[in-house]
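Chain IDs A, B, C and D follow the sequence of writing; residue 1 opens each chain.
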Amino acid sequence: MSGATATGPRLGSRRRARRDEEGFDKPRFLRVYSWLVYLYLFVPIAVVVLFSFNSVKSLQSFRGFSLQWYRDFLSDETLRESLFVSLSIAAITMVIATVIGTALAIGLVRARTRWSPAANILMLVPLVTPEIVAGISALLLFSQLGIQLSFWTIVIAHITFSISYVTVVVRGRLASMGDEVEQAAMDLGATRLQAVRLVLVPGLWPAIVAAGLLTFALSFDDFVLSFFTTGEDVQPLPVRIWSAIRFGVSPTINAIGTLMMVVSLTAIVAAVLLPRLFGRRESGIKVLTGQEGG
Amino acid sequence: MEGATVEPVEPAGGTGDGGDGEAIRLESVTKRFGDFTAVDAIDLTIAKGEFFSLLGPSGCGKTTTLRMLAGFEVPTEGRILLEGEPVEDVPPYERNVNMVFQSYALFGHLDVAGNVAFGLKRRKVPKDEIERRVADALELVSLGNRAKSRPSELSGGQRQRVALARALVNHPAVLLLDEPLGALDLKLRRQMQVELKQIQREVGITFVYVTHDQEEALSMSDRIAVMSEGRVAQCGAPEDVYEHPTEEFVAGFIGISNLLEGVVEGSGTVKVATGDRIAAPLPEGCGPGDTVQLSVRPEKIAVDEDVEPGMVSMSGRVVSRVYHGVNTQITVDLGHGAHLVALEQQTYTASADDRWEEGMEIKLGWHPENCLVLR
Amino acid sequence: MSEHGFWSRFLLPGGLWLFLLFVVPICLVLALSFGYTDDLGRAVYAFRLDNYADAFDPLYIPVLLRSIGYALATAAICLLLGYPIAYYIARYGGRHKHLLIAMLVIPFFVNYLVRTYAWVALLADEGLLNSLLGDVGISEIQFVNTPYAVIGGLVYGYLVFMILPIYASLERMDGSLIEAGKDLFGTPARVFLHVTLPQTKQGILAGCVLVFLPAVGDFVAAQLLGGPDTYMVGNLIQEQFFTASNWPFGSSLTVVMMLFLSIWMFGYLRSAAREARDPVAAEGA
Amino acid sequence: MSALDPRLSRRQLLRAGAGGALGLYGLGALGGCTVSRPIEKPESTAAVKPEIDGDILLYNWAQYMDPDIKKRFSEKYGVAVNEVNFDNLEAMVTKLRAGGHYDLIWPSTEYAFRLQQEGLLHRFHRDSLAHADGISSFYDGGWWDPNNEYTIPYAYYTTGIAWRNDVVSGMAGSWNDLTNPDGAGKMFILDDFQEAIGEANLLNGWDLNTADPNQLEVSKQTLLEQKEFARGISTNSVQNLVNGSAVIHQAWNGDIVNVRNQVDNPEDFSYETCKEGVPVGSDLMCIPITARSPGTALKFMDWIIEPDNAAQNVTWNGYPQPVEGGKQAFAGLVKDEPSIDVDIEELGDGGMEYRLDNAEDRALWNQVWTEVKAS
């Protein structure tokens, strides 16, 4: 497995695209198909955004432009706090899960102990476990230990579920990096720990950023785990949306949905721009999709 | 490259004089990975200031040997002495050796200067001295103007130089190079070979160079150890190894070698498959009835009218002819399953118009002393 | 300290965390699945098989099978929708490649519940789509409260988990392989079938697993988009915990669901292992 | 996500499995333990006084109270009023039993009774509230709170049938109307085990709260027949009616107020209560024993039943409040459709409430409902 960009002709050059306009590979067909899928993806989003500006309390007919639902949202302190709580949970989850998951990825690729195969399986199981199972088991654990359901129980459940995503993303890049850079660092006088800190982690940075963003998005969007582990503290937004949806909704939830999207997109744009501000030259979107870095 | 100086650690010594001038000594070093023996009880002594090459096909144990010198692998058995001190158990970051990796292993998140300064920073060298030495090292490899570039912005050859500067700047006792030119194209490689040799002379640091390219090893090294299946098949100066291979493997690995199987006869001649009796200097302890391989380098073979009296001569039929420009490689079928390859030089007398065609009869000959007998 | 001792330490925090907060709790679920609910409605650990007798009741097995059916359909549709678009982006995306991928991800930043609910607004009997259809003279079609709506909602919810792994494996594939295939007289369809598809097998497998398994346990789509006959195992389990307050039965249903899924999980892990033993085939992975 | 390719052997899988088995063995020690710990109850059982003693946390249905009322209370007394939501009462009790520190909860009469029986509610004197006089006499000494020590009413509702009178005709004020042929495939049953089974019990002429397994079996069949006819099982009657998916909907009266507020043709939406029996529900306010600021909570209750606030809240959520101000406001809301209005005093005799007194009966009902949904 080579380091993706380094060697070999790659898919998708424009020159090749022209040459292949024939038969099954006809990009015109694929293009139309793809745009239809994009349409499918974006129509509901457009509906959400459009109706968040509706002037009447209806999700069926759009009568005129109004910011009423945003005002409703902003004047409702409880909802505002929920948004803040959701952001906090996502941020804390992102930081802790990224650190633990990255360490796990490093351990899995580099260590060869009799525990690493078990850890390898352990790490993968959460990815293929339905969320409801994770939610129930977390609820059981907390009840069993007599731990109050609270902000922190949600955070713990989110971290547990996110570690694997981080590990998988980071491990992919680590595997393609090889171990020569660490050896080079040690050869130049860095201890093992220094090699990790000064060379390995910076080299993994694009993957770490991508994993962190993924974790943030997953946590911010998560409903099921939060639903099972939320307690007396302010509930995250999705839990509130669920309670509201069961008994009829107002366009306020569209406003909330739109705001959540704006928040997530802002986080991404920030993550894309920040590395540039720090003088790093990775393409932001590349970093995002975990593709490649320096 | 002028004006740049990297203080030599030691004045450049001569070739393998051993004793005090010894940089590295391996004493029956063995490395096993599970059931597989990668390096099998090798003994080597490398002198200070020497350009020493480990040459061999992939899997012969040369890289493992290098990695044991660097400290990335611990020998299963045996001792490694670095300037007289045993270092088998010293971790890589405490050994005064540095390595140039095959993949260069440059740090992508640091610029060129940052890469080169890395080792000095680890050794807590004062800041101004770091700056000076980094600048010198970059001058040495002609990259003084790329200090602020990222490795990803450099060409392959430039990356290679950064890797070299990064290692040399630390003034290691020994510099280890693991096929450092492997990823470069042929032309650049030739150029770098020359530069590398020049830099080595300039800084006087001992180089241990791993390669599978015999030409590279021959052209650069003071001494070469040819390795095969985890052991050293032959160790000596390039001329030695080329001209006087001690075994079939070495002869075959270094350069094109014509091998003719034969049996030693009482008269001191070797009878080969074609039935010809060929005079050749026999190695010691080689008696009548022994099966041997007769080896002649292609460039030692004279063709047709160049065959002089006193030469061993044989004739056959041209099987193929490959035009190389400088010379033409002719493969000749001697019958009875024996083949020889000869190189006909382009000289001021001969021209490319004199073509050998397939199927033509041809006469070959060589001086008996240019023929080696291998057991 | 040995080399491996050093690296093993990196395994410790994550390994410990996952063991204590993932494995142990799942064992708790397993333990409670043999328990019962006492007179005060509290869940008690014990060793009784009643819950399993109930869980394997002919009444509930169809619910589980239905969930698996929906999830299979979801994975299949996601594959049909996702593969061509991943292929298009990887092969013809050019310099917009990363933007195209980012655009796929954007809808997933609107909360899953809100997104799903948007479908209700779109597809309701007097919703936007039906009113558009009404304008062109097509009579009202019932979309919501049908199995199709549930599957559609699941597809919409999990599509990105299919596209990304497939895209990644296509991206990693050497483009010259396709050219080699054509060079060796393969028609485009044959090249796709015999070169591209096998090369991206691992990505397809990963995508299918990442879509199928979570979809089985989903209860949001069925709750919001389903009808009377689209009850899924996720709804059943969720209600045992929060409506019927029968945690032991809910736990045993969870275990039974996991048993059904473990066949798929194990199959997936096995195939990944086989792939690893055959390095040539694994090259594309 | 791309690298989801574990390289695992069967042996590794087995080893992981062995670890899990070991964990299970340890769990054997759990036998006989209950999952949740008992709640620590305070020793003092003195009646709570309405005085500000800290911030409060409300645990309520979603969108059941005008945020402005909380906001003004918060501003007036300088305490924070936080709110979390549940989507069904059982979930509320679950989290409460898990020890959640909620200050004010909104149970139905039945749940208030259960919680009080379990000793999970704070006691207070109703006459310590300034606005207690306005409370409807129906809530004076109810079976769930004979001495008026634990509860204050918040809202009440009837369960009946909502329908689209422009599509459906022949509604006869009976639960049989759920299967009116005009509504085939566009009828919804409430996703609430008591409302659903209760309606079937009434239709079969049995006691609303019957726990007789034979009777419940017949009711289950009734429900299964209705399900054949239904479009869905949902509590979201507002949306289902507004977006045209439902033309007949088992519904709470307050929801119809909301429906009529959202559509262009409110006159097309009717509501009826049924002659077989009208389930009446009351949502109460109680202070859990785990409350951290019971005094503020009591004060807040008083604030809710203050006539102007009650009127404002009713206008906001569409449900009648059985206090001065609330009643009048609701009458104003529904003056176009008197069927939605309900005079709680009149229902004192004819109305019926859901009440399952023991865990076995509840389990039986839940079982029936789960079977209906799963079939």
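Convention: contacts are C-beta pairs under 8 Å (C-beta built on N, C-alpha and C of every residue); 3 or more make two chains touch, one makes a residue touch a chain.
Since the model is a prediction, treat every value here as computed from it, not as a measurement.
Chain pair with the highest count of contacting C-beta pairs: A-C.
Comparing each chain's Cα centroid with the centroid of every protein Cα atom identifies chain A as the most central. The greatest centre-to-centre distance from chain D, using averaged C-alpha positions, is reached by B. Note on chain placement: the centre of chain A and the centre of chain B lie 51 Å apart, centres being C-alpha means. The mean-CA centres of chain B and chain C are about 56 angstrom from one another, to the nearest whole unit. The geometric centre of chain A is 16 Å away from that of chain C, both derived from CA atoms. Put simply, the C-alpha centre of chain B and that of chain D have 86 angstrom between them. In chain D, the residues that reach two or more other chains under the touch definition are 1-4, 6, 8-9, 13, 19, 33, 35-36, 87, 239, 243. Multi-chain contact residues, meaning those touching two or more other chains, occur in chain A at positions 59-60, 121-122, 124, 127, 140, 144, 172, 242, 245-246, 249, 290. Under the stated contact rule, the graph of chain-to-chain touches falls outside the line, ring, star and complete shapes. Remark: the chains found to touch one another pair up as A-B, A-C, A-D, C-D. Those residues of chain A whose C-beta lies close enough to touch chain B in the complex are 178, 180-181, 183-191, 194, 198-199, 202-203, 205, 280-281, 293-294. By the touch criterion given at the top, residues 3-4, 6-15, 17-19, 21-26, 28-29, 32, 81-82, 84-85, 87-94, 97-99, 101-115, 117-122, 124, 126-128, 156, 159, 168, 170-176, 178, 187-189, 192, 209-210, 213-214, 216-220, 223-224, 234, 237-238, 241, 247, 250-251, 254, 257-258, 261, 265, 268-269, 283 of chain C touch chain A in their complex. Of all the residues in chain A, the ones that touch chain D in their complex are 56-60, 75-79, 81, 114, 117-118, 120-122, 124, 127, 140, 142-144, 146, 148-149, 165, 168-169, 171-172, 175, 214, 230-235, 239-240, 242-250, 290.
Those residues of chain B that touch chain A in the complex are listed here as 70-72, 91-94, 97-99, 101-103, 105-110, 118-119, 122-123, 150-152, 166-167, 170.
Listed in rising order, the residues of chain C touching chain D in the complex are 23-24, 27-28, 30-32, 35, 37-47, 59-60, 62-63, 120-121, 124-127, 130, 142, 144-145, 161, 164-165, 168-169, 172, 202-203, 206, 209-210, 226-229, 231, 235-236, 239-247, 266, 269-270, 272-273, 275-276, 282, 285.
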